[in-house]
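Both complexes shown next keep subunit A, but they swap its partner, so subunit B is in the first and subunit C is in the second.
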Partner chain A sequence: MTIPVRRFDAVIVGGGGAGLRAALQLSESGLKTAVLSKVFPTRSHTVAAQGGISASLGNVQEDRWEWHMFDTVKGSDWLGDQDAIEFMCRKAPEAVIELEHFGMPFDRLENGKIYQRPFGGHTQNEGEAPVQRACAAADRTGHAMLHTLYQRNVRANTQFFIEWMALDLIRDEDGDVVGVTALEMETGEVYNFHAKGVLFATGGAGRIYAASTNAFINTGDGLGMSVRAGIPLEDMEFWQFHPTGVAGAGVLITEGVRGEGGILLNANGERFMERYAPNLKDLAPRDFVARSMEQEVLEGRGCGPNKDHVLLKLDHLGPDIIKQRLPGIREIAIKFAGVDPIKEPIPVIPTCHYMMGGIPTNYRGEVVIPKGDNPEARVNGFYAAGECACASVHGANRLGTNSLLDLVVFGKSAGDSMVEFIKNEMPTWKPLPANAGQISLDRIARLDNQTGGEEVADVRAAMQRTVQARAAVFRNSENLALGVKEIQEVAERVKRTQIKDKSKVFNTARVEALELENLIEVAVATLISADARKESRGAHAHADYQERDDEVWMKHTLYYGEDRRLTYKPVHTKPLSVEYIAPKVRTF
Partner chain B sequence: MTDFDPIELKRIRWRSRRGLLELDLVLERFLANGFDQLTTAELFAYQKCLDLGDNDFLDYVNGKAEVDDPELAHIIGILRAA
Partner chain C sequence: MKTARFSIYRYDPDKDAKPYMQDYEVELSPTDVKLLDVIVKLKAMDDTLSFRRSCREGICGSDAMNINGKNGLACVTNVADLKQPIELRPLPGLPVIRDLIVDMTQFFKQYHSIKPYVINDTPPPERERLQSPEDREELDGLYECILCACCSTSCPSFWWNPDKFVGPAGLLAAYRFIADTRDEATNERLDNLEDPYRLFRCHSIMNCVDVCPKGLNPTKAIGKIKDLMVKRAV
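This part shows the complex of A and B:
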């Protein structure tokens, strides 16, 4: 069967902040650029980013990019690449001012400059005092960014393919990337997009966890496609969590609730934090509370029919305090947990928020993989930016407001690299391999012909339960080893999923089955990478190895899907222009 | 019951996937329970909701913002109850 071909200079998969920023760079340079997106670009998950975008503008207090760099290196627990971190922090003021010039409606000071608010982890002079570094557009910073960038792209003639799902990466016999195969949802037809360069900006994959703040579209499509095309994934053991999301929903309950006197209870009605943290109790640090909660669940003291969560009790505060000080929380509890906290406790569980790992890139947005003696050889024609990429600036733990910065700085940088590559090295298209797109057709045919298989929703739930139980915030050797075994069993079940609806047009069931094939690659990568790392660093807190071990483990994990093996590569310790920031114990 | 184009109904289902988890959760519940009973007029109104930006849509559904458009007010009421 021949697959129809569409040809562009550059194809971008994903219409969130990173994809749109990269597309703008390409279109404005005169290259014919396509953006493929499962949903309308302004409804990408970037819209959920509220906090702001960090940059050392120094509009409110003295600030320097070197201080921002220090905070980011420290936040990363020394797993971030210092050249990429320097690049991002130095470029930040320019990136924000550029957005301002594009028309992004930032909050302002009376003198007309962009207002900056404080945010956790951002400090002056290497931890001396908090600094106001976050630029925001009310509580809609991500939304404002998407609209601004989308409008600019329309003006620059970027061609949008909306409600198209990319299925697989096309690599030729040299290993170069020459396109991507995609499904047009409206017709159910499959096309090959032939390109001189392909950029993935597909966002995170938080849906591998049962408890996640991520929207349903965050299914790690770029990561799944990369793994199937033989590209390794970097640092997949590192996921950021919030301690209290509504169990079964993922919507966050702010820590302010515990500040007001809310307490956590296990199935026996015990206030278990008194046992773990006799002094601070429920107000112990965020990661400590999250691990304690999960330990209660793992030891069988979880609540509910599946014993998979704990309870956040507020009713003792009385209806007046709840209504006055926590009205939003009451509304969330009623809507998403079905309980009124004035009368009943809220079921809560540590909830996944952000993926630090991803497709390995350098600070130029080029995808780099080991080849011979070179741990970071460029994959010709392949780029990645945003949450799906691992540059790596977030290392083992991301600082708040650095994610929006990541999108625009590395979106632009990757766009520039692509322009340079396409104009200087690609006078014409490399031919598509004869079998281009066959793997995608085979995947769809398998789904259409599968009999005696399982429902997608059931297998997805099994995957989410496994990852949540084995690789969330409480990690130990026994639990991770079990998780590796269990997730590989789930992966076998994913190969036999079945859909009832075999129609072609807007077949959501088929899309969800294809998404699950991406999620499971991320889930397996997460378990295998986490099981191997015998230390505690950033978001990877290992109960049997509680210290950071720079001697052995200051290195990036690389996971290969074809044989589920791991290799490692060094962390970049040489910044671009400043001195190396040597590891210290992280204290706050 | 409605004589709405069945393909359009499938498109609406897909477009109910949003950028914000809170909306995903509300709309998922609504699609499973309530959506199939919508009249043609309500379906048109729901389509119009799907064209809203996610933050505005969520503010309506959460009751944080008043719905001025009478055509939307009714369907938002249904979503609030979902």
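This part shows the complex of A and C:
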């Protein structure tokens, strides 16, 4: 069967913050560009980001990008690449100003400048005192940013393919990326998109966990496609648990609540973070706060009939601040926790939120993989940005508000790199391989013809239970080893999933089955990578190896799907212009 | 064990000659709080049941549908508050692609038609354009729209003239940019709406206000645009 071909200079997969920011670079360059998104762009999960986007604008107190860089390196527990971190923190002010010029409705200070609030791990002068660095549009910063970027793309006449799901990456015999295969959901038709460059901006994969702040659509599609195409995944053991997910519902409550003065209380009514982080208290970085909360629960000071959560108190801020700065939180608390935070605290638990790892890239957004002696050889024609990419600016733990920043800084950077590559190195298209798209057709045919298999929902639930139980906030050798075995058994079951829906038209059962094939790659990578890392660093807290071991483990994990093996590559210790920030003990 | 009974609009053009209503009954567990929780459970029983969903917290706007005769988001609707059998239909007035999934092309076309972006040809300063907190407050109740289309598809004027009447969502967005002190195109925007249909088909019946899951008030925004039109004519 021949697959119809559509030809573009550039194809962007994903219409969230990173994809839309990159799309502006491509559209403005005059290159023929297609943006594929499996949902209408403003439904991408960037929309759910709440608290802010970081930049050392210094609108409230003195701030410097060097301080932002220090906080990010320390937040990453020294696993972040310092060249990429410098790049991001230096670019942050101009990136935020640009969003403002695009029309983003930031909150304002009395002097008319952008409002900034305190956030976890944001400090002045390398930890001296908290600083107001998070630029905010109430507690709907992601919504404001995503809509603004979409609107800007309307102005730029960007060509969208909405409700098209990319299925597989197309690489030629040289290993270069020459396109993607995609499914038009409305018609069920499969097309090859032939391109000189492909950018993945496919977002996170938090749905590998049973409880997650992530949307249903966060299924790691870019990571699954990469693994199937022989591209390794970097640092997949590092998953951020956000301290404040609504207990039971999983819905996110922004760290901005604590930025505005909210505090965490245990069953004794004690503000326990004062014990764990005497300096930053409730505004310590997320990995630190999440572990402290779990510790309180483990030691019997959890709240509620099952003593399984803690409380986020903010009524002391007063109704005015809550209504002005945290209106969305109030709405969420009322709808999903059944409490009005003006009067009552919100029950919260650490909840899977963000994937620090991803497709390995450099700060130019180019995908880089080991080749011969070079640990970071460029994959021609392949780019990644945003949560699906690992630049690595977040290392072992991301600071709050650095994700929205990551999207716009690296979306733009990857877009620029792509334009440069296509204009300078790609006068014409490399031919599509003869079997382009076959792997996707085989996957769909397998689903259509499968008999005697299992339901997608059942296998997905088994995967989520396994990851939740084996790769949680606190990890240990026994649990991880069990997890590696169990998740590989689930992976075998994924190969035999079955759907009853055989319709061509908007077949969401088929989409969910294809998504599960991506999720499982991420889940297996997570457990195998976590099992191998014999230290505690950032979000990887290992009971049997409680210390960070820079001697042996200050290195990035690379996971290869074809034989489920791991290799490692060095952390970038050389920033672009400033001095190396050497590892220190991480206290707050 | 509590149960929920449903009557759900079904239509798959691949196999159905015409739409029909299908009954479902499902046992509710304590975690089945929101309508979306329960229809996700229904889908695990019958994977052919088709609907859009994403964030499940009322911010992405994917799962708008007609619930017991009123448009709303499944993910923020408490299933316990609904009269049974719960009748689910696609948003009214738009072509149905399949089951609860509608073709939103016309809705987005109207949104695009109002030029939903800040127009300002003055070269920007190096830093942010300044805006007072009071001026910024003018955007509250406007910028929070999630483009779910609950409002426009509950509006009879939009049903009759989806190609000519911008509809409440598009007009709310139009006023969002008119109200923004950084936007310089108020006149152009009013010109764009000066037409018997685009703006003036709104007869203030306020269905849009009644259904908006974000508590926004398109009718009020439309009134303000009409006021500006009048002021400009004087």
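We take it that the second predicted complex is superposed on the first by the 481 of 588 C-alpha atoms of A that agree within 3 Å, B and C clash if a C-alpha of one lies under 4 Å from a C-alpha of the other, contacts with A are read in each partner's own complex, and residues count from 1 in each chain.
FYI, a residue touches a chain if its C-beta (ideal position, glycine included) is under 8 Å from a C-beta of that chain, and two chains touch if they have at least 3 such contacts.
Computed from a predicted model, the values in this text were never measured in an experiment.
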Both complexes share subunit A, so when I overlay them there, do subunit B and subunit C fit or clash?
clash
Should A:Tyr580 be classified as contacting the first partner (subunit B), the second (subunit C), both, or neither?
neither
Superposition-derived comparison: subunit B or subunit C, residues of subunit A touched
C
Touching A:Ala215 in the superposition: subunit B (first), subunit C (second), both, neither?
both
Check whether A:Leu109 is in contact with subunit B, with subunit C, with both or with neither, and answer first, second, both or neither.
second
Would you sort A:Arg43 into first (subunit B), second (subunit C), both or neither based on which partner it touches?
both
After superposition on the shared chain, which partner residues are touched by A:Glu100: those of subunit B (first), subunit C (second), both, or neither?
second
Given the superposition on chain A, at which of 109-117, 127-135, 145-153 or 181-189 does subunit C overlap subunit B?
145-153
Taking the two structures together, which residues of subunit A meet both subunit B and subunit C?
39-40, 42-45, 47-48, 140, 143, 147, 186, 215-217, 249, 251, 331, 335-336, 505-508
Residues of subunit B touching subunit A in the complex:
7, 10-11, 13-15, 17-22, 24-26, 28, 53-55, 62-63
Provide the residue numbers of subunit A that touch subunit C in the complex, in ascending order.
39-40, 42-45, 47-48, 57, 96-97, 100-103, 105-114, 137, 140, 143-144, 147-148, 151-152, 154-155, 186, 215-217, 248-249, 251-252, 328, 331-332, 335-336, 455-458, 499-501, 503-509, 512
Show which residues of subunit A lie in contact with subunit B when the two form their complex.
38-40, 42-48, 140, 143, 147, 163, 185-186, 212-217, 249-251, 331, 335-336, 505-508, 511
Taking the touch rule as given, give the residues of subunit C at its contact with subunit A in the complex, in rising order.
12-15, 31, 33, 43-44, 46-48, 50-62, 76, 97-98, 101, 104, 108, 112, 115-118, 124, 126-133, 135-136, 139, 143-144, 146-147, 177, 180, 182-183
